[in-house]
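What follows is a short report on a single structure.
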Amino acid sequence: MDLLEHTGKSLFASAGLPVLPSRVARSPAEAQVAAAELRLPVVVKAQVKTGGRGKAGGVRVCATDGEAAAAAADILGMTIRGHAVSCVLVEQAVEIARELYLAISSARTHRVPMLIFSAEGGVDVEEVARRNPGALVRTPVDPLLGLCDYQVRDVVAAAGLGPELAGPDGTPAKQALAGAVRALWRLYRDSDATLCEVNPLVVTATGELVCLDSKVTIDDNALFRHADLKAEAHAAKEDREARAHEAGLSFVALDGDIGVLGNGAGLVMSTIDQIAAAGGAAADFCDIGGGARAEVVAAALDVILSMEAVSVLLVSIFGGITRCDEVARGLVQVLGHAGVDVPVVVRLDGNAAAEGRALLADAGIPGLTVAPSAGEAVRLAVAGAAAPAGPDARREG
Amino acid sequence: MAILIDERSRVLVQGITGREGAFHAARMRAAGTNLVAGVSPGKGGQTVEGTPVFDAVAPAVAATGADVAVLFVPARFARDAMIEAADAGIRLVVCVTEGIPVRDMAEVTAHLPRRGALLVGPNGPGLITPRRCSAGIMPADVFTPGAVGLVSRSGTLTYEVVHELTMAGIGQSTVVGMGGDPIHGVGFLECLELFEADDETAAIVLIGEIGGQGEERAAAFVREHVSKPVVAYIAGFGAPPGKRMGHAGAIVEGSSGTAAEKKAALEAAGIPVAPAPADVVPLLQAQLERRRSP
Amino acid sequence: MDLLEHTGKSLFASAGLPVLPSRVARSPAEAQVAAAELRLPVVVKAQVKTGGRGKAGGVRVCATDGEAAAAAADILGMTIRGHAVSCVLVEQAVEIARELYLAISSARTHRVPMLIFSAEGGVDVEEVARRNPGALVRTPVDPLLGLCDYQVRDVVAAAGLGPELAGPDGTPAKQALAGAVRALWRLYRDSDATLCEVNPLVVTATGELVCLDSKVTIDDNALFRHADLKAEAHAAKEDREARAHEAGLSFVALDGDIGVLGNGAGLVMSTIDQIAAAGGAAADFCDIGGGARAEVVAAALDVILSMEAVSVLLVSIFGGITRCDEVARGLVQVLGHAGVDVPVVVRLDGNAAAEGRALLADAGIPGLTVAPSAGEAVRLAVAGAAAPAGPDARREG
Amino acid sequence: MAILIDERSRVLVQGITGREGAFHAARMRAAGTNLVAGVSPGKGGQTVEGTPVFDAVAPAVAATGADVAVLFVPARFARDAMIEAADAGIRLVVCVTEGIPVRDMAEVTAHLPRRGALLVGPNGPGLITPRRCSAGIMPADVFTPGAVGLVSRSGTLTYEVVHELTMAGIGQSTVVGMGGDPIHGVGFLECLELFEADDETAAIVLIGEIGGQGEERAAAFVREHVSKPVVAYIAGFGAPPGKRMGHAGAIVEGSSGTAAEKKAALEAAGIPVAPAPADVVPLLQAQLERRRSP
């Protein structure tokens, strides 16, 4: 689960990372009040879970509270890379002397969190690695030991902050950076994050270290340990995905018109690939998992058939743990009733396949075809999607 | 002698008194597994269909000599259960549980080697040496003994491919489902190395999917270290970037981890990649044919 | 550093371990006030860093505040196994239903902390191991992983507390025990303890779990991480040991009359052994460490010569890092002045031994003999201790 | 080829710009050590008597191929420095520092094997292979090359015994000071095993003291696995129970860890125990004599 900038920053603040005074606003009026409460100038920033908001006009520096209200009015309601902006963050502005990059991320190849620091912020880390390797630190954090002091020293050394650089309270910037690295690690570990990124981490003109942005991703599987973040997780899901998740399904919407339902992520991906190879396009990825009961199958059909683009439905089941007769029961339960007007191609193999096929034959659902193999099912579904939808086409499919 | 498990493996089931545990324990026994013990805290002294139940893994190992543990434990308790198994001297820990937090898996995979324990899974179907031992949830009746070793990131795709193999009269030595999580135990490399060294394995099938670099590393490993024929299948050509396709590990990140890249890497290493699961069979037959008549 | 029961219990309380309401009292009047504030009856307990206070009469159950005052009057000023009682703990009494034993201790052979639990408290753990092994848990805690839940479950299972057993607030005793084990581990780790022992840990007649005693030892080497405990550490040292420690010496008082000073713990132990083998007895163990300067040598002499029993002083140095001439300078500095009336035998070998011997010869200190070897030095010192102290004896020595 | 270190060892000093570090770095070099690098955070780019200084261990290893690290680092920073060395690929970490917290050492000794690193120390003088390599603070001029391997819990007693050996014309292969702390790295067992396998070692001297069970286990190991003659010396017969005698590990706990027990265990295993350090020489000569004329 990705957190919005302002949620990430409140986690940052609790963890002892330096952030600027800010307020969340959901209307121009709220933004104006916020700006008036903060020291001007302020920055008004769209709160969206995507990059590129700056280029899209979602970030504006405002010298007065009136300007802040106007900026909020412009930004609220924008859609940035498909994400609607429903709130803005009004944050005190600072003069930037240097931009740094700091992140901890779960690194798959190392099976451990990776601490990444670049003395050049705002640019591509890979590019820094090529051009100025001394400015880059990439060091795995051992899951059993935690962050070690020598790793913190590596970051501080790479930053190249002079000993003269110190904040208004006299804290040397080097020491502030070391503290920030340790705090980010604690936050990463204690909140079960898979990403904690500060880009840019800046040194201000007055020598202070400040996290200007926050990008935090929390491990969905660990939300049981974080009751405070659970509500946000729920709100974050889009409606259809939420419904699918609730029913125990893995669901991803795609661009095509062939609804796909199967058991097992690999099998469903494989089905989607075979549809593409046959010249079709899948409308979704929907995995009902292992051992799914009729109700789950019914819920999956419900979600898929609610997508307008779907012109044909392909059900591909290889019964291992899953019983094909259970799947057939779910199909009958939904498709046996009125209101389903797309053709359906079903392939059942493995555990209780014969029973499942018999159940479908008995139900005599119009528009439902049982295919003899996975390959044939794909061929039929692609042909069905290409053909005009109608009773005849269905029977032929 | 197959890899990782065979008829000499002494299997213990953690969570045996639960619904899933009891169900799959029975299936494993039916598949020929030497099931010696179950563990369920607070249920020690009971039996489940003749299998003695212990409160903890250590006394179960002491009493029965169990060396393989299969876990049917909810995600939030899986970390502790895997560590308990390894600390008790279990050699091979098999975890089918889905949804274990990344932090927990990072700690588990860092800890298990300290006890000399191997892990299969999590979020996978376990492994099977047909008719001799099943440690996990694979549907045993799809499998038949033979000389093809298979390692896969996907459960159902495995069954599908194995079904085709069995129908074509091609049996399997050992089939390993490594699981769909980004942090997992035994992977392509470990299995390739074991299959290459295994007398009973004549050819190897890899089943991969999007995400990570496992298939690329497997390709490099095959080029260097594997003399036996290898055939692959990859799923997820149609997966959009940034979306997890069911498995936590099945995600194209940026432009990295795509099916096309993996296919290219495998083919560059001389490993044919089947266009569909059913096509694994003819590819494998062709490979075996070529070896037989040089 | 061993903590007194009441200090250990305040650590217990902060760590979330269940302790009874109690007050520290340093006078009968304070004890009376404390008893009046608590629910009667109370227990008045001597606060000493040694076992066996019960047998010595250092623990008394009191039904009234007047009795508590009287008990405190008796106990304060007692000396138990050589430890003077300077304060008592006045603690609310409870009715005990079961006694358990719980401890975490640094286990040398495992290089890791060992969690030890016995369902039978107040008795010898080794005996429980023989008689009722199922009642005993002894499990190493991995220093990188920390305590694992399965280990906590092992303890709870061994305790054999029925599910019906619950405290007045409804907390099942099993759950309270699991919580106590976790809390004790956190305390052990976070306070750098080498021992945290609760004996007995009791279940009261009302089903509550309570730590009736506390025995906590903190790692002296880790006191830099525990500023709060440092003051106590300082107060805890006996005067002479404190002075020695301050000067960077390892010092242990022994029962004999031959003062011993050397460099290196092994060398000094070996010297003490050789004195015993030759029929003498060492008055102390004093290691000046490696590379000691003249001032350290002088400080060591100071501490040793302040012991009345010392009738002869044996200085044995093998110079590795330590320079023998530095040691000789320290000897001259102290012994060259008046007031030292015991004979001194010096053995110098290794690094700069010749220079050291020359310095001693030049100084011409009366009563100081330079021995040609370690064995000869021991022989001379034992002979010197046996002989009556006098100018002649010294010169002969 | 001696054990653990020889002329091919590439030694790095952590804390080389400190007073102790600089002093002993110079002594090590004078003793024949191939000193290739120093590490001192913030001092990278300097040199100390010709030795290049780096900010961290990893770049020092990358630049110089260092494989042995000797630490001159205050107790509170020692944990991090040892872990840094091991994480950077150092094979042998030598720590002379005294007073490191028990918790820190428990973590370090649990972690180092994960990186394949060995530890000598802490709270000891390090080790020396005379004229070829000194990694620590042993006074090199006391030592002379030869065929006696020595492992000891005490620094000065080691020098004393070695001084006697050298005076008697008996040289040393490698001398290891394992340190006086209860939690330490390489101990009697590891050294016995290495000495037994070492072609250049003909006889072994053990120097023990009160506390722990190391000498007892060494005795059992010698009985089972050591064919070369072994002679011992034990200090602390006069130590009162419950008092730490200088070394953190030198303490008789209850009635356990006494010198008398250790002497009995060693003698029961056929290992003569010298009554005084100087008596090690004749005992050793007698042992070697007996072997020569069977």
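The chains carry the letters A, B, C and D, assigned in the order they are written, with residues numbered from 1 in each.
FYI, contacts are C-beta pairs under 8 Å (C-beta built on N, C-alpha and C of every residue); 3 or more make two chains touch, one makes a residue touch a chain.
Note that the structure is predicted; figures quoted are calculated from it, not measured.
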For subunit B and subunit D, which third chains touch each of them?
A, C
More contacts between chains, A-B or A-D:
A-B
Centre to centre, by mean C-alpha position, how many angstrom separate subunit A and subunit C?
57
Could you tell me the distance, in whole angstrom, between the mean C-alpha positions of subunit A and subunit B?
28
So which stretches of subunit D touch two or more other chains?
107, 110-111
Residues of subunit C touching at least two other chains:
142, 144-145
Hey, which residues of subunit B end up touching subunit C in the complex?
41-42, 44, 55-57, 77, 80-81, 83-84, 87, 107, 111
Contacting residues of subunit B [partner subunit A, same complex]:
75-76, 99-107, 109-111, 125, 137-139, 142, 152-160, 163, 180, 182-183, 207, 209-213, 233, 235-240, 243-250, 259, 275-278
Under the touch definition given earlier, write down the residues of subunit A that touch subunit B in their complex.
106, 108-109, 111-113, 142-144, 189, 192, 194, 219, 221-222, 224-225, 250, 252, 254, 262-270, 272-277, 282, 285, 287, 290, 318-321, 349-351, 373-375
Can you tell me which positions in subunit C touch subunit A when the two form their complex?
144-145
Could you list, by residue number, the parts of subunit C that touch subunit B in their complex?
142, 144-145, 148-150, 153-154, 157
